[in-house]
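Next come two complexes, and both contain chain A; in the first it sits with chain B, in the second with chain C.
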Partner chain A sequence: MKDSFTQSMDWLHTWGGLVFGWLLFVIFLTGTLTVFDKEITYWMQPELHRLTPSPVNIQAAADQLARLAPAADDWWIELPHFRTPELTISWQDLDQGQQEQRKLDPATGEIMTVRGTRGGEFFYRFHYQLHLDRLGTWVVGAAAMVMLAALATGIVIHHRIFKDFFAFRPQASLQRSWLDAHNATGVLMLPFHVVITFTGLVIFWMIYMPGGVDVFYEGEFGNMLAEVEQRVDRKRTGTPASLASLAALEQRAKIQWNGGVTEWIQVRHPGDLHATVDVVRRADDRLALISDRVTFDGTTGDVLKVWKGEGPAFLTYSVLIGLHYLWFDHATIRWLYFFMGLTGSVMIATGSLLWVIKRRESHTSNHSEYRIVESLNIAVVAGLLVAVAAFFWSNRLWPSDVPGRAVWEMRTFFLVWCLCAVHACLRRDCSKAWKEQLVAAAALFALLPLLNLVTTDSHLFVTLAVCDWRLAGVDLTCLAVGGSLFGAAWRIGRQAVPAQQSISSSIVEAGP
Partner chain B sequence: MGNVNGRKKHPWQDVASRVAAAALGGYGLTYSFTTFLTLILPLPRSEAVLAAAMCSFILYTGAILWAFAASSSRQAWMGLLVPAVGCCVVAVPLALAVVP
Partner chain C sequence: MMEIALCYNGLLALCLAMPKHYRQLFGRSSSDHVRWALKIAGWSAMAGSLLSAIASNGWSFGPVEWIGMTGVTGLVLIFLWPFQPQAAAILGALAVIAAATGVTI
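Now for the complex of A and B:
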């Protein structure tokens, strides 16, 4: 029975891993990029690079809002911080139309003209929605469940876990060394892979497992949210009244928190008698992702509510999602997550590669049987890398004044990815296809700092001189990635030869 | 699944049935158990909803493994549907009693 169980789990691991591996690689890689989403967004907006840390002028922001959106129903002021140095104001009109946004210099409140870009947020949204809105969220959820099953079955079949981990044999047969790579990257970061996948599902529990909401809240998650968050919801009266000083309210909120920084301020019905001001605390100094909130009467300045998250299940939930979102501000941990995410991406990619190599080495038949899989491997793994690099290139190359510029950057990403997919399908020699795409990705990444030098003033010579590690970090990481990919391409070039030999030698053995 | 020379034979009907059991049957079991758990947990309702939902994904993973570990696809389905129906049967009167 035990053997049979292990065999079933092996089957499930192999086929579940294969069918969902491409999706999971995309989710993991874009998730890894999301670890540094704010740094990427900052790098992609060179117009903001002249900002230096300065005290925030909330009054200036409020004045801009009063000037630009006096009749709006909702105002937001997002305060700057280390990872996002600009101040952002946004508003939404009474008829629930489009939300508008402006970026301000935090010291003067002057509106800054910044090139349109989605920045790192593009990878963040792609990571959990695959650019497909709610349907995409479901697909990602399904993939995450298969990932959990793949991790569990992986543990079952590799129960010689520690022995496997310490055996990495890069010079052994191709299949053996890829298997070792797959096992090593899986086992080394197993706690991370399990936690990141589980917590990812927990974030969207209300979409994936809404049973409790259906029973207790008439199927409306909004009802539960209102109960938990205890937002003060006051209707507009229509009587005009002057808004209290937002800067003063923000100061008073900070006193309630005993330390901590404000993340954003929301004003509902500004200029009305029932104006309500929410001052929300930044959740970057604790693991639990809870944004404490103080709600004020916008006219009189009275405190209407002080909300801190509570309840053991809610706190557990907040820690779990905090572990995934990583708003916790700690540079070393952030880099660790980046490294672990890359390891997870390598684990998934080596799994898909292993599937092909195992079959290629074991029999000579049907190139077409695994040709589709190999093409998909190249298109997804190498192609995505090329597309990511192309996205960064498009940010520097698309002119700033093109309307819908942010959309054009995304289109460049998808177009390049499609071209890579076509190349992967049409190229007859798979190892050449791998090599060509990896070299393309390597070149695009490695040359990005050079492109930066030519197109902006935020290149390495400047950023290293002033020790701006957020910006220099992006350029340096691209150089490192480019170097690694060149190394991978070279390695694949070397390894193609033994594989061909083994196929031709088995043809000779099979003989007439 | 039948054993031939130590390697498993997997007729596509068996695979399809188990995949459906894992995906749909597993979801059905997880959904009904989560609802049942939400109803019986002695916590304030938002807490109970959250606690049960967080546990649900572990159960679903187990259900997926079961669907492929069971000795036949019939057993896979039974092992998921019977507890699912059981949870529903218990949960419905509970829901009517507890929810105003």
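Now for the complex of A and C:
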């Protein structure tokens, strides 16, 4: 290690940031997209765009479940919402274990044929587990720890940040202006960065620190949750009995919530004497992610339990994860999270770029070493942008009846990303590689509304005319991102090397 | 809009309270009195924007929105300032006018 405190902090910031920077950029950018996950999913399912808000026919959903899954042990009905207009039913068969899902027209209960897509959930899974299941959660957790360390060490080493709070000097040296951009994005959003990283870790405390659950709940997190949420657990009797009206139970549950709306209904052991119905409230008007619940006897309709999330520890935890999940409906905060997430991504990207710029300007390290880092910077920062755009394109271009369509969309994403990585490694001239990939991403994003115009009936001319901002927002944001990336690529072209600064400023200002 | 106007102008005043940024806009040095006045005005406006955020969004969402708003308005200011300090100042005035005339977002 190094001599002084600042030097050792500098060492940790530089190398921790370098090794985990790429991973953190990917996590931050996919997380930023996840802010609008439901909007993206909706955009990616044009078959649902004809739905208009209407009274929900819960009974029709129950009838569909009784028809499709009479033997299932669990039924779920997810009610529509302005971010998700469709009614979703799903069930789990005891013997098969596989969860099945259908999307319904909320007014009539008829099954809608929707193209296979992961939609925004693709970015969501990527964000927290990189599509590597449990292993990915561990990797993301490690990255989050490094992020916290990098934030703390960053404050120590860039100690002039408050003196230079408003300093951004694009005319100064390349390294200076990039460092200013890195510091400005880091310091201004420091509260956001700390909170979002910490709360991200808190969500998975039971994976990262399983000791308590292991000792008291035989390692089963579900057991703990059942106790905390005071779930009513009744065994199947085997005696058939008819199910009470779900619509009536939902109405009665709503009385408990003065103004709250229902998010979903779960029926356990449908058709059995011991059927139980959980009606769960949408946590859309509060920071704390507590979903109030009313549990009914599914046969008699008696209230078995009214749960509203008791206990200060549970409330604290719920507020922390609520700040991260952003499930409450608050349009301004949602957009602010989106911009703050973009800024975080820019901060991380500028950090990785600085590593190269610093060494290139001082000529201290050999060429091949920073060449590798530079290639990785291009592949991760520009390449990911190209891949995200390609994912949107693949959603419109793959025929809607291809088997395993959702998987093909994901394959397109990863294939394009790999191609970008290969391109970044093979291209000799780094500034050209930056420029080409940024232009590719810019073109893909900017032309997306045009592709949408050709392939769907819910393009900008339609959505803007009826002020459907959920759909128009996606197209308009893509246009803005495309325009900003063109600006960034243009600046790189203008001044061969120093140009990348514009990426940071333009990405931050992107979006409507 | 009141919240944005207060927030942006608060940051603008705090920025101008720093001698070098004051010189960038007005071309001359600031006196101690002006510096203090700008500091007080800046911090008061920031506090005002927090109160405004809480007044319109309640105690739970208000502070969350305010933190996001300071970050995003600050970002606009920081990246506009070196290119067009005059434009940054005009933007502040426009925000005040918009807030005063009751524009909402």
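Here are a few things to note about the model shown:
The rule is simple: the second predicted complex is superposed on the first by the 482 of 512 C-alpha atoms of A that agree within 3 Å, B and C clash if a C-alpha of one lies under 4 Å from a C-alpha of the other, contacts with A are read in each partner's own complex, and residues count from 1 in each chain.
What we mean here is this: a contact is a pair of C-beta atoms (placed from the backbone, for glycine too) under 8 Å apart; a residue touches a chain by one contact, two chains touch by 3 or more.
All figures in this text were calculated on a predicted structure; none of them were measured in a lab.
In the superposition on chain A, contact is made by A:184 with chain C only, not with chain B. In the overlay built on the shared chain, the residue A:113 is in contact with neither chain B nor chain C. When both complexes are overlaid on chain A, the residue A:52 reaches neither chain B nor chain C. Legend: residue contacts after superposition of the two complexes on their common chain; A:328 is shown touching chain C, with no touch to chain B. Contact with neither chain B nor chain C is seen for A:258 once the two complexes are overlaid on the shared chain. Between chain B and chain C, more residues of chain A are touched by B. Contacts of A:148 after superposition: chain B is touched, whereas chain C is not reached.
The contact sets of chain A with chain B and with chain C never meet.
Chain B contributes residues 1, 3, 8, 10, 23, 30-32, 34-35, 38-39, 43-54, 56-58, 60-61, 64-65, 68-69, 71, 91, 95, 99 to its touches with chain A in the complex.
Partner chain A is touched in their complex by these residues of chain C: 11, 14-15, 18, 21, 57, 60-61, 64-65, 67-72, 74-79, 81-83, 105. If you check the complex, the residues on chain A that touch chain B are 4-5, 7-9, 11-12, 142, 145-146, 148-149, 152-153, 198, 201-202, 205-206, 208-217, 224, 227-228, 311-314, 316-317, 320. Partner chain C is touched in their complex by these residues of chain A: 165-166, 168-171, 184-185, 188-189, 191-192, 286-287, 323, 328, 330, 332-333, 336-337, 339-340, 343, 505, 508-509.
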